[in-house]
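Chain naming follows the written order as A, B and C, and within any one chain the residues start at number 1.
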Amino acid sequence: MKRSASGLMAASAFLLATAFGHAAEPFNLAIPLPLTGGQAKFGEMMKRSYEMAAEEINAKGGVKGRKIVLSFEDSQAKPDSARAIVEKLIDVKKQPLIVGEYTSACAKAVAAVANERKTPYLIVASADDSITQQNYKYVFRQNVPNAYYAQGLVSFLREKVQPKTMAILYESSDFGTSGAADMEKWAGKLGCKVLVKEKYEKGAVDFKPILSKVKQAAPDVLFMVSYVMDASLLMKQIKELRLDAKLYAGGAAGFALPEFVDNAKDAAEYVMTATLWTPQVKYKGAKEYADKYKAKYGDFPSYHGASAYSALHVVHDALSRAKSMKSEDITEALKKTKLQTAYGPVAFEDKDGYQNQCFSETFVLQVQAGEHETVWPYAYANKKFIYPFPRWRDRK
Amino acid sequence: MKKPLIPLAVLAVLAVLPFSGLSTYMMHILILVLMWTTIGMSWNLLGGYCGQVSFGHAAYFGVGAYTAGLLYFKLQASAWWGIPLSVAVVSVFAFVLGYIVLKLRGPFFALATLASGEVLRITTENWNGFTNGTLGILIQERTWVAKTQYYYIILAITAFTFLLVRRLVASKWGYYFVAVREDQDAAESLGIDTTKYKTIALVVSAALTGICGAFYTNYMGFIDPHIVFALHDISIITIMIVMVGGVATQWGPLVGAGIMVLLAEWIRSIPGLGASHQAFFGVLLVLIILFLPNGIVGDFRKITRLFGRARA
Amino acid sequence: MNAAQVEVLLQTLIAGVLLGGLYALIGLGMTLIMGVMKIINLAHGELMMVGMYIAYWMFSLFGIDPYVSVFIAGPLLFFLGILIQKYLINTVLRVDSILPENQVILTVGVGMILASAATIAFKSDYRSTPVKYGTSAFYLSDLWKGSPIELSLSIPWSVSFLFALAITAGLWFFLQRTDTGKSIRATAQDLDAALLMGVNVQRMRVVTFGLGSALVGAAGCLFIPIYYLYPALGGQFTLIAFVITILGGLGSNVGAILGGLILGLFESLTATYVGMGWAPVGRFVIFIAALLFLPGGVASLLRRRAFGK
């Protein structure tokens, strides 16, 4: 009896709230992410970043006076789970737009559903080129596609290194395969011969066989596309084997995370990596975000976090400009986005066979004295690059 | 109600479900439930009735999925042709594989099938020229946006599988299957060609699973080797579905799939549970196996007895 | 073959042997459990993960070297194994069911609980123990100045390898010379005979599972200085353990070591001469080959020779 009475009270309170305080009704935004399994690390970083952004937006009055209330759904990096979540958000929760996901496989599943259901979907950190090449009208991507990840690195190679030969190691995933293929194309344009191109199964324990083969080939540049721990393991074992290349370069992802330096320690020194964003970058709000994140969670975020953080600001901007909370209007508003964010300027263009794609500068980081420093392009650099660097046997 | 009426009644209920105004989200979940029911029933034929516990049904699922995917990718044909074609491809494949692995028994058979699934996954990943490797295959435009058509297609497949398995099990072959499960040596000494019947069970089971793979390609529109040859997410989930539902029972796979898909989804979306939903699910699995070792349908008497006692 | 090619070959062989030794230790626990109980333990890798977390926390909180943690994680995992066997697996084995394989699902459940508990407790962060000697190595050119080729031998890998050998030797001694060890072997060889001889089979099973868990926990401690750790890492090591168990022969110690070495060498050679992406295929190809052509594993070959057959 007592329970039903309190239920009644709650219900009437809710009715009152909706009757009188329509403006105060929160805007619920559920975000699909991998929170368990091997990709959970990235999901977690993004979750924290979304939360930070939501806090800021709410402190400034929310979306059209409504507070943003975030919730997160664990897609476990499985496409059918991701799809189930998004079907639920669109159909049951009537959420007018979708933000989130991490792996390319999941983003593909979500993008297909979102486009079919005419609901805008903002991709935050999924790299696979093909996602924004499908003539999807409702799919927007804030990070550059994989083919552009290494753009900054390639310009550095062209101007400062002029390599004659290269070896490419990459993990056997969507991201690794397309990253390696793109680098091979770039190498062709640089007049650089690819001597070894090998993939490995993520989570491998021992890279020494393949590394001794690379050592024998003696390439100028060793380019690697790997997740965090594979990246540190690779560098550790490169050090053990004293494999001397003129340049070790990583294709974003693992190499750009602070964990890479934490785990590879001195083996990480001088390693360069492509990245989409750095904590030192001179975009307005970038430093504040990075510092706040570090203060709260102990480490600097990588571009994954910055992109997630800014994506929510992009969403806020689009929702504020949209004529209504309907998907069509939000899509229209997103298309017209021109926003300076901590992640950089965001605008969605149709260019080079991509649709609704945001193109932004990419950077080169170098590990110097155990810190990731931005060294390229010049305009953004906070430290001068070190090149060439000492051979392993000459290092202390 | 007479026995044959129950399946008809269930089918009728399932057939009218789409008209009850379900959201597309629920339809998606139901489609997955039906798909897993079908895979479960086909696994049950081999594992439950014939006693050959396969840890590699992802191999057949994946080959079916890639049959459909490659038709589209290489020949620009409709991936729907993958459904009939996968029957042929997967049957041949299972026949050859069966020749190798069916010589083995018990845990050895289990591990050999497990390895065969993994070998296929890695081969598909590395064979770039043919399978597009880890990039997978993306179908640009799915046939329908609505769920209803997919639902009826998978319902038809499920009903067909149900009938086929039921017929097979009730036939003379069915008795041979069970004989093999209970004591292979005894069956052999009675003159049953055990290899033959094991092969039959394997090929039928694999072909039905392959159909589901081809359906998956059409329905999801994107496949890659990690997804369709997954050891945990396909092979082991299949076993769990049957074991939770009830091994060697008609309705076990349906009940199991209902629990594994619906309940898992429900637990997953409890707000505030965060990453711990997997722990909950793990505990649930452990409890079911501890208290209902033959699954929910298999130990149904136990459940009713328990509740009967509680009432008295 | 020129000097450079010799260098690659030798380096590959070194890598293969070291890797094989570590693989062997992962396989030992599994072969023991499978040999005695004929059950498939899909939580094996998760138990290793637990061992690694113990080593990790011992290192980060108290600065205890991961190699010392072998003596902490081993006993702790022993008790965890006993609990799992006594209260979960034995309960299921005791009940009559259509397919005895339903214990597999139990271990899957246990694995899920362990992995999920680790995610909740420690987040999904990647961790490693940055020991000082993490990347140090012996170099041939340091010892022999004029060497035409350069070879390196990683110090932590070698230490882990020696530890693995020592643990294996200890286990061998235990199984051969102690009463409990003999009872375990008797249970593995012939359950009914062991029962008749008055062996407390239930107890042996519990001890075996504990021992198997302790071994894989120790393997975790040996792995963490050269590898890394996150909650979902278990699965791949479970698979490796299976391969070694079958390759070596169920329940055979020596077989597990040889199986581990064969696997390590095979994977390294495949990585160098075929392609690293194919190394896991090689793994499963020898697995199936062993199942088919050498059903008793390497151990059966040894036995045949010993009996002069």
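Annotations for the structure displayed:
The rule is simple: a residue touches a chain if its C-beta (ideal position, glycine included) is under 8 Å from a C-beta of that chain, and two chains touch if they have at least 3 such contacts.
Just so it is clear, the model here is predicted, and its values are computed rather than measured.
Chain contact topology: the protein chains form a complete graph, every chain touching every other one. Set side by side, the interfaces A-B and B-C show unequal numbers of C-beta pairs in contact, with more at B-C. Each chain gets a centre from the mean of its Cα atoms; for chain A and chain B, those two points are 35 Å apart. One simple way to say how far apart two chains are is to compare their mean CA positions; for chain B and chain C this gives 32 Å. Contacts with at least two other chains are made by residues 116, 119, 124, 275, 277, 280 of chain C. Each of the following residues of chain B touches two or more other chains: 122, 125-126, 274-275, 277-278.
Within chain A, the positions touching two or more other chains are listed as 35-36, 40, 172, 199, 201. Per the touch definition, chain C reaches chain B in the complex via residues 34, 38-40, 42, 88, 91-92, 95-99, 101-106, 108-113, 115-117, 119-120, 124, 235, 239, 242-243, 246, 275, 277-278, 280-281, 284-285, 287-288, 291-292, 295.
Chain B contributes residues 47-48, 51, 53, 100-101, 103-104, 106-108, 110-112, 114-116, 118-119, 122-123, 125-126, 181, 231-232, 236, 239-240, 243-244, 247-248, 274-279, 281-286, 289-290, 293-294, 298 to its touches with chain C in the complex.
Those residues of chain C whose C-beta lies close enough to touch chain A in the complex are 4-5, 7-8, 11-12, 14-16, 18-19, 22, 116, 119, 123-126, 128, 130, 134-135, 137, 139, 150, 152, 154, 223, 226-228, 230-233, 236, 267-269, 271-272, 275-277, 279-280.
The touching residues of chain A, counted against chain C in their complex, run 35-38, 40-41, 43-44, 172, 198-201, 203-210, 212-213, 215-216, 228-229, 232-233, 236-237, 239-242, 259, 262-263, 265-267, 393.
Against chain A, the residues of chain B that register as touching in their complex are 23-25, 28-29, 32, 122, 125-126, 133-136, 138, 140, 142, 145, 220-222, 224, 226-227, 233, 265, 268-269, 271, 274-275, 277-278.
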